[in-house]
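Here's the structure, in C-alpha cells; my notes come after.
Labels A, B, C, D and E are assigned to the chains in the order they are written; within every chain, residues are numbered from 1.
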Amino acid sequence: MVEQIVFFIFTILVLGGGIGVITTKNIYYAALFFSASLSGMAGYFVLLNAGFLAAVQIVVYIGAIAILILFAIMLSRRMMTTKEQQTNRQTWLAAIASFLLFVALLGVVMQVTWPLSAEKHADNVLVLLGMSFLGSYVIPFEVVSVLLLVSLIGAIILARDIQTEEGRE
Amino acid sequence: MQNPYNFVGVLILAAILLPVVGLGVAWLVRPHKPNPIKKSTYECGIEPIGETWVQFKVSYYIYALIFVVFDVESVFLFPWAVAYNRLPLYAFLEVVIFIAILFFALIYAWRKGALKWL
Amino acid sequence: MTAIEIPALNFAALLPLFIVVGTGLLVVVLDLFIADKKSLGWLSLFGVILAAIVGNMQQGGAGFDPAFQNVSLLDGYANFFNIIFLSTAALSILVALGYLGRVGLHRGEYYALLLFATSGMMAMGMATDLMVVFIGLETMSIALYVMSALNRHSRPSGEAGIKYFLMGSFASAFLLYGMALTYGATGSTNFSDIGSVLTAGTVAPMAMLGLGLLLVGFAFKVAAVPFQWWTPDVYHGAPTAVTTFMSVGAKAAGFATLMRLLMVSFPAFAVDWQLAIAVLAVLTMTLGNVAALAQKDVKRMLAYSSIAHAGYILVGVAAATTEGIKSVLFYLLIYAFMNIGAFAVVGVLEQKEAIGTKLTEYAGLARKNPWLAMVMALFLFSLTGFPPLAGFWGKLYIFRAAVNADLTWLAVVAVINSGVAAFYYLSVIVQMYMKPAADDAPEILPSTPATRIALAVAGLAVVLIGILPASLVDMVAKGVFG
Amino acid sequence: MVPTPYYLLLAAVLFAIGAGGVMLRRNTLVILMCVELMMNAVNLTFVAFSHELNDMTGQVFVFMIMTVAAVEAAIGLAILVELYRLTRSVNIDEFNSLKG
Amino acid sequence: MTNFIWLAIAFPLVGVVVNGIFGRKLGRAANGWIAVGTVAAAFVVGVLSFLQVPSLPEHAQIVPLWRWITIGDFEVYLSLLVDPLSMLMTLVVTGVGLLIHIYAIGYMDHDKDVARFFTYLNLFIASMLILVLSDNFLGLYVGWELVGACSYLLIGFWFYKDSAADAGKKAFIVNRVGDFGFALGVFLIWTTFGTLQYTNVFEAAGDKPVAVITAITALLFVGAIGKSAQLPLYVWLPDAMEGPTPVSALIHAATMVTAGVYMIARSNVLYALAPQTSTIVAVVGGVTALFAATIALVQFDLKRVMAYSTISQLGYMVMAVGVGAYASGIFHLVTHAFFKALLFMAAGSVMHAAHDVIDMRRLGGLKAKMPITYWTFVVGGLALAGFPLTAGFFSKDEILAKTFEANIWLYAIGVFTALLTAFYTFRAIFMTFHGKPKDAEVYEHIHENKPVMTVPLVILAGLSIFGGLLGLPGGLGLPNWLDGWLEPVFELKNMFVPAEAVHTGVGTEVGLMALSSTLVILGIVAAWWVYLRKPQIAEKTAQSFAAGYKLLANKYYVDEIYDALFVNPARGLGVFFAKVVDMGVIDMVLVDGTAKSVGYFGRVMSRWQTGYIRNYVVSIFVGAIVIGAYFFLR
C-alpha cells in the first residue's frame, strides 16, 4: 500500500514538473520545475529496483545538468525580466500533436500482455552493472570517454570569451 | 518494514520539514506593514544601481561545463570500483584507457585556461 | 540473474578505430603546444591513411572472428564502410587545410573533432548492438554540432549549429524511444538476437512501433523527407569544409547502420518497411530535386542535391536484397568522391562569408580559371549521372537492384528525377562556360596545394571508376560477402 | 507492486509533454529542458523494461543516455552562449536568417 | 611479340593525341613525320607478330586487354585476336597506310590545316586496326562505327567547300543505313548465341536453326553493302572523291571499303551455313561489278573513274566470298589495295601538279612531263585490268576460276566486266598521258612531283607486279602460299560444310587464263584504237547511242531517283515535325510547361523552408507520428 502512495507522490512531482516547465513565464521557475521532475524520476528508479541509477540521476542530472542550465539562465539574464509572450502561435498544433503521440503510445502499451516474467529481482545490481560495463559493453564504455572529451573540447572552444581567446593565441 | 529506503524517506521528510516549518511559523507571526522604503532592495544602505542581476562572467559557466564532464566520469568509475574483485585483470586496463582519455581532456582544459576561476 | 560471462576480447579488430582516436588525442595535445596548425592537419591525414592501411591488411586475415562477443562486428561490410569513412575524412582534411586558413578558422581542434567524428562513424559502421549505434551516433553528432558552429564570428554558422543541435537531439530522442520499445518487445539490444526473437515470435505491435521510431531517427540522420528541413540551412550556414565532411560522412554512417539493422534484425517485417522506405525515397528524391531548381546559391543547391541523392540511395535500400546492399555500398563510395569534389570547388571559390557562392558569381569561371571549371563540370556531370563517369554506374546498379526486386515503378520515378536533376546541375555549368564573367566578380583566391590534391584525387576517382566499373563492383562484392 | 504498464504510460505522457514543450516554447533554454525531459521519459521506459525483463542491459543503456544527455546539454548551451554573444538573444525565432 | 599486338593500336592513338593537342605548335613538317612514325611503329609490330603467327598453337591467340562492362550476365571483354587473317589485314592496313602517310606529307604540304588532317588519318588507322584485330563482334562494330566517323571527318576535311561537306554528310548517312542492318545482325547474334566472341559463336553455329543463321548473315551483309559500297548503297563513294586524294587512296581504295569483305570472310562459318545468303552475296557482287564498270566507261573525272573501278573490283571480291572462295577474295583484296592505292596516288600527283585540275578532257600528253607518275600509273593500270603476270591477273583469275566452278552466269558477267575494266583503265591512261595536251595553260606548268610523293608510287608499283607471287594458281602445281596461310582460319567451316571436292582439271584452268588474258589485251587495243588512233570514233559512238550514252553519263539517274524517293520526302517530314510538332506541341506545352510548373513547385518548396526551427520540429513530429501510426496499424 505504501508503495502506491509513494508512486502517486512521484507521479505528481514528475508530471507537475513537466507541465510546469512548459507553462511558466519565468524561465527560472521553469528550471526549478525541471529539477522537481528529475527528482520525481529518481524516485521512480528507486521503486524499480534501480537504486544506483536513482543516485546517478540525482548527482548527474540534477546536480550537473540542471545547475548548468541555471548557469546558462544566469548568463542570459536579460530574458528573466521581460515577460513577452513565451509561447508562439503553434500552441494548438503542439497540444493536438502531443495528444496524438500519447494515444499511439497508449495503444501499444495496452496490447502487450503483462507481466512478461516474474522472477525474483537481483540484489547485487551494482556489481552486475560493473561487470557488464567492463565485460560485454566495453566498447560503449570507451567511446563514452571519447564523447566526453569531444564535448569538453567543443564546449570550451565555443563558449570561451573572445577577449581571453585572443589573449591566449 | 526494514526496507533500507525507509531511512532515506525519513531523511527527505526531515529535510523538507525544517525550512518549511521555520519560515512558515515566522511568516505567520510577524506583523505585515509594507512601505516603499522597506520594500526596496537593501544594498549596504546606499541606493542600488543597475540591474539586480550582475553581469555573469563566462568563466563561471565554463567551470560548470567542466564539472558536468568530470562528474559523469566519476559516476562511471563507481560500478567498476564495486565489481573490481570479480573482473579479470584487463578490466583494469580498460579503465586506465578511460581515465587516460579524460586526462587529456583535463590537460586541454587546463592549458586553455578554462580552470581559472576569477 | 543471468551471469554475464566476460568474452575473450579481440582488440585487433578495433585497431583502425584505436589509430583514429589515438591520432585525435595526439592532435589535441600537440595543438596546445605548437602554433603551426597546418602541420596538425598533415599529421591527422597521416593517421587516417595509416588506419585505412591497417584496416585493409586486417580484413584479409582468415578466420577473422567478430570482435567483442556480439556488440560490434568488423566484417567485410564494416570494413568497406571504414574505407568510405576514412577516404571521406582524408579528403575533408585536405579541403580543410586549404579552406580554414582563408576563413580565419584555423584551429588544431578542428582536426581533432573531425577525427573523433570519424571514429564515431566507424563505431556505427561496426555496431551490431543498439547501444554502440547510439553512442557512435552521438559522438559523431556532437562533433558535427561543434564543427558547424565553429565560426564564432559568423551568425549563419552559429545558427547552423543551434539548428542542427536542436533538431538532432529532438530526433535522437525519438530514436531512443524506438530503441526502448524494441528492447522491451524483444528483451535484448543485440541485432541478431532481436532478429531471431522477431522471426520466431508472433508480430509484437511494440516492436513494430519501435521499428517505426528507429526509422524516424535514421531518416533524420540521412535527411530523408519529411525530416530533411535541417539540411539546407545547416549545410548552407556551416563552413564549407565542415559541410563537405558532414554531407558524406553522416549520411554514409546513417545508411550503414540503417541497412545492417533492417537486414539483420527486422527481416520479419521486410514487407512493411520496404514500402515505407520506398515512399520515403520517392518523397526525398522529388523534393530534393524540385527544391534545388529554385536555388540561387550553389552551396545551398548542392545541399538539396545531397538530399536527392539520399533519395536515390533509399531506392537501393528499398530493394531489400543483397544486390540492393551491394549497389548502395557502390553508390555511397562514388557519392563520397563526387560530393566532396563539388563542395571542395565551392570552398575554393568562397570568399569572406557569403560572397562567392551565389550562382551568378560562377559566371565566366571557365575563362578565369579553366582547370577549376573543368573539374567542377566533371563532378556535376557525374552527379547528374552522365554515362562515362562514375555517377552513371552508381545509379545504374541501384536502379537494376530495384528492378530485380520488382520495384520497377520506383526505378522509373528515380530516372525521371535524375532528368529533373540534370537541369540545375547544368545551370551551373551554363553559368561557368557560357555566361560572360561579371566584371565586378570577386577575384578567385589561389587554391592551396592541399585542395588541389583533394580535387585531383576526387576527379581521378570519378573518372577511373567511370571507365572501369567492373573492378570496383568485384571489390564491393568481395568486401560485403568476404 | 506497481505493475509496469503504469510506468510506460507515465513515460509516454512525459514524452508527449516534452515534445509539446519543444514545439511550444520560444526560449531555447526551455526547449533544451524539454528535450532533457523526453530523454528522461525514455530512461523511465528503459528502466521499466529492464525491471520487467529482469535484465541489466536496460540500466546500462540508461547510463549511456544520461551521459549523452549531459554532453548534449553542455554542447547545446555552449552553442547557445556563442549565439547569445552574437545576437544578444536566446529566442529561437530570431535564429531564422538561413532560409529559402 | 603477339601479346604486345595492342601496341599497334596504341601507337597511332599516341599520334592522334600528340598531333591533336600539340598539333599547331609543332609545325607542319613535324606533324607529318610524327604521324608517319607512329604508323611505321605499328607496321613493325604487325610484321613481328605476323612472323610469329605460324608458331602459335593452331595459328591463333587471343590477347585479353581488360574487362570492360559487366551488367549481370552481359560480360564484355576488350581483347584482340591474332590469327593469319587479322595479321594479313593489319599488314595491309599499316603497310599501305605508311606509304600513303609519306605521300600525304608531300601532297598536303601547302595545306594550312595539316595537324588536324594527320590526327584524323592516325585515328582512322587506329580504328581500322580495332576493327580488324578485335576478337568479338562488339569490337568489330565499334571499329566499324569509328571508321565510318573518320571517313566522314576526312571526306569533309575541307569543310568550307560545300560539296565536300555535303559529300561527307552523304557518306555518313548512307553508311549509317548499312550500319543499321549490321547492328541488328550483332543484336541477333547476341540473342541467339548469348555471346559475341568469334570462337564461341562459330563453334555453336552448327546447331542453330538455318533460318536464324540466314537472317544474321543477311543483316550483316546489309552492313557490308553500306561499308563496301555495293549496289544499292554505293552512291556515297564517287562523291567521297571530294576529300583529299590520300584519303581516297587510303580509305576509299585500300582499307575501309574492304571492311565489308573482311567481315564476311571472318564470319565464313556463318555464310557457309547459309547458302541462300551466299548466293545473294555473289549475285549482288557480280551485278555491282558490271554496273560500276559500265558507268566508269563514260566518266571524265580521273578520280571518279577510279572510284567506280573500286566499286567494280569490290564487286569482284564480294562475288568471290559469295561463291565461297574466301581465300581468293582476300587475295584480290590485298592486290587491289596495292594497285588501287597506287592509281589513286598517281591521279593525286597529277592533280597536285595540275593545280587541282582532274578533268581528263583538259589534260593530255603528260607522259613527257611526268615520267615516274606516268610509268607507275601504267603499271597500276595493267594490274587493275588483269594483264598476264601482274598481281591483278592472278587474283582476278583465281576468282574467275572459282566462279566458273560455282555458277556459269556469274563467270560470264565477271569475264565481260574484266574486258570493260581493261577498256576504261586504258581509256583513262591514253586520255590523260598520251595524245596532244588539250589545255595549253594547264599543260605548261605541269612538273614531276618531289620524291616524297613519287617514292611510294614506285614501291607500290613493285608490289603491284610481284604481288601475284603471293597466290600463284594452285591448279598449275605452282605454290599457292596465301591459300596455305589462310587455311587454319577457313578450315573451321569445313566441319559443317563438306569442302567442295571438285577441282577443275589443269586444262580448264589454263583455258580460262588464256581466255581472260586475250580479252584484256583486246580491251587495251580497243581503247588505244578508239582514243589514240581515231579520236573522232568516241564522239561518233556517243552520238549514235545517244540515249544509252546519256543514261550512263548520268549514272542511271540513281542519285536523282534516291532524292525523289527518300531524301526529299524525309526532308519534308523533318520540316513538318520541326515547325508544327516541335515548335507547337513540345516547346509550348511540354518543355516550357514542365519547366515553369517544376520551377513553381521549386519556389513553393523553398518557401516552406521558413528558417524557424519550430516549423521544422513540428514537421519532424508529424512525420514521426505518421510513420509510427503506419507501422503500428500494420
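As a working rule, a residue touches a chain if its C-beta (ideal position, glycine included) is under 8 Å from a C-beta of that chain, and two chains touch if they have at least 3 such contacts.
Please read all numbers here as calculations on a predicted model, not as lab measurements.
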item	value
Chains contacting each of chain C and chain E, listed by label	A, D
Intersection of the contact lists for chain B and chain D	A, C
Chain occupying the most central position, where position means C-alpha average	C
Chain pair, C-D or D-E, that carries the greater number of C-beta contacts	C-D
Longest centre-to-centre distance from chain A, chain (CA-based)	E
Longest centre-to-centre distance from chain C, chain (CA-based)	E
Between chain C and chain B, distance of the C-alpha-averaged centres to the nearest whole Å	40
Cα-centroid distance, chain A relative to chain D, in whole angstrom	6
Centre-to-centre distance between chain C and chain A (centres being mean Cα positions), rounded to whole Å	31
Between chain A and chain B, centroid-to-centroid distance (C-alpha), Å	16
Junction residues of chain D, two or more chains touched	8, 15, 18-19, 22-23, 26, 32, 48, 52-54, 56-57, 60, 63-64, 66-68, 70-71, 73-75, 77-82, 85, 92-93, 95-100
Touching two or more other chains - residue numbers and ranges from chain B	58, 61, 65, 68-69, 71-72, 75-76, 87, 91, 101, 104, 108, 112
Overlap residues in chain C, where contacts from two or more other chains coincide	1, 4, 6, 9, 21, 25, 28, 131, 135, 138, 142, 145-146, 149, 152, 161-163, 166, 170, 181, 184, 187, 205, 209, 232-233, 295
Which pairs of chains touch, using the document's own definition	A-B, A-C, A-D, A-E, B-C, B-D, C-D, C-E, D-E
Partner chain A, residues of chain D touching it in the complex	1-10, 12-21, 23-27, 29-30, 32-34, 36-37, 40, 43-44, 47-48, 50-54, 56-57, 59-60, 62-64, 66-71, 73-75, 77-82, 84-85, 88, 90-91, 93
Chain E-touching residues of chain D, taken from the complex the two chains share	19, 22-23, 26, 92-93, 95-100
Touch list for chain D against partner chain B, complex	63, 66-67, 70-71, 73-74, 77-78, 81
Chain D-facing residues of chain E, complex	606-607, 609-614, 617-618, 621
Complex interface listing, chain E residues touching chain C	66-72, 595, 598-599, 601-603, 605-606, 609, 611, 613, 615-617, 619-620, 622-624, 627-628, 630-632, 634
